[in-house]
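Heads up, the next two complexes both have chain A, just with different partners, chain B and then chain C.
For the complex of A and B:
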């Protein structure tokens, strides 16, 4: 009896109407953001190949003058990395959206827990990606300061 | 039995697994928020540095770019970096609030704070969804312009 009282005092939260609405809202917008960001990842890849084809067509005109096409391998690699990260983020954000909405509809706590774990991974991936981006930006800024 | 029937609509309770997942999600949300805040400030600083660097070329006009001066290009770049930096700062505030309120809720068993935390998460995803839609439109226009 005492243990259950101690347990219930730690975990007193019940998913009341307000909490459910907030969670539902977060899940709905997360699902929308996931689909839109996935679409933008695909469009980004399409845009990369369109721009690359355009550049290749321009350089083909100047081949006879001895001007060779620069390597676009680096651009392809960064585009692929961006696409893979975009897909990963889409998967985990969609997991949060679907599982949370299912959990709220069926009153299954474990589904909500699964959804929240997906959200945790999503935040983790973005956090790590942004930390790497900060490092690159700092290196770039140091290079600019060093040159001036 | 009757108690279970009465709570059947709102029988979702926060258990130990949920609590751990929530805590992890909230922590990573705060990390993401602070990292995003730093990134936003770095973007603004980078914009100022680029604007200063371009201003050094003064009234040099590039005929290839339609007669726009280096200073004007620098100013446009500053505006772009400022907008990007502000976007990151605003979304980071939502992420920090999400993590902060959920952690506070778990510490003090505050139902309202938990609800507010998820409301901030909803705002975070809603904001990014709108921004990505705008970016998608620009990318689409760019692709259509390239194909046209």
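For the complex of A and C:
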């Protein structure tokens, strides 16, 4: 009984050709998605500074009419947080892509295992960010209800 | 020769650590997809409840010089984005469910199907990021 169970647990999760191919496909697209999303994060950061410079130039024109420039510190903090999250997601998704592809090429299961742990961290980060966002949305709604 | 065959049979088995990671992927992906669907449903309810005001915003835009083609394009882009997000969440949920079922029933065929769904999820993520880059470049120019 014990032997058959041990045999079954050894053979049930073989990386067969079908599983290898689908994992390879997911890893390939994950790598491309990681790179383009990283480019998008960098461009988003650059765009933040470009738009801020444009706004500062506009406000500078109106200073003589007594209109002061509003603080843009909050915007910078949220842009930095988005950028850091973007970089973290890029690192772990790229880890999944690279390690999994290496593991499939060299038949090294520990590399695939490392890749899958990267994918697990990637989804965990998104989940935690989502939980924090939901908490902020709920707090905002409570504040609006409290005011009215 | 026999040793080589045995080696190729044994060296590509999914270890416990990989199974734990996949279980975690499945749980978090399900949470993200379900939360996204709930948030989307709430947004849809708000959009339906404030439908007249939204139409008024578009009417105002038409009055302030936004042409009908531009307003139509804006609606078209919104529809494409909503469809992409729906597909994105659907494939994420499908992938999470298949991976979980694959792990529970110890079926590599279900795991393979789960990774195929995940590939579609990454393809849609790629398209969304590409659209985001195009939108940022347009804003900068």
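Keep this in mind: the second predicted complex is superposed on the first by the 137 of 148 C-alpha atoms of A that agree within 3 Å, B and C clash if a C-alpha of one lies under 4 Å from a C-alpha of the other, contacts with A are read in each partner's own complex, and residues count from 1 in each chain.
What we mean here is this: contacts are C-beta pairs under 8 Å (C-beta built on N, C-alpha and C of every residue); 3 or more make two chains touch, one makes a residue touch a chain.
Being a predicted model, the structure only gives us computed values, none of them experimental.
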| item | value |
| --- | --- |
| Fit-or-clash call for chain B and chain C when the two complexes are aligned on chain A | clash |
| First, second, both or neither for A:141, with chain B first and chain C second | first |
| Residues on chain A lying within both footprints (that of chain B and that of chain C) | 10-16, 18-23, 25-26, 28-30, 32-33, 36-37, 39-40, 43-44, 46-47, 50-51, 107, 109-110, 112-113, 116-117, 119-120, 123-124, 126-127, 130, 134 |
| Complex contact set, residues of chain A against chain C | 8, 10-16, 18-23, 25-26, 28-30, 32-33, 36-37, 39-40, 43-44, 46-47, 50-51, 107-110, 112-113, 116-117, 119-120, 123-124, 126-127, 130, 134 |
| Chain A-facing residues of chain B, complex | 7-19, 21-22, 24-25, 28-29, 31-32, 35-36, 38-39, 42-43, 45-46, 49, 53, 95, 105, 109, 111-112, 114-119, 121-122, 125-126, 128-129, 132-133, 135-136, 139-140, 142-143, 146-147 |
| Footprint of chain B on chain A - complex, ascending | 9-23, 25-26, 28-30, 32-33, 36-37, 39-40, 43-44, 46-47, 50-51, 54, 103-104, 107, 109-110, 112-113, 116-117, 119-120, 123-124, 126-127, 130-131, 133-134, 137-138, 140-141, 144, 148 |
| Chain A-facing residues of chain C, complex | 8-15, 17-19, 21-22, 24-25, 28-29, 31-32, 35-36, 39, 106, 108-109, 111-116, 118-119, 122-123, 125-126, 129-130, 132-133, 136-137, 139-140 |
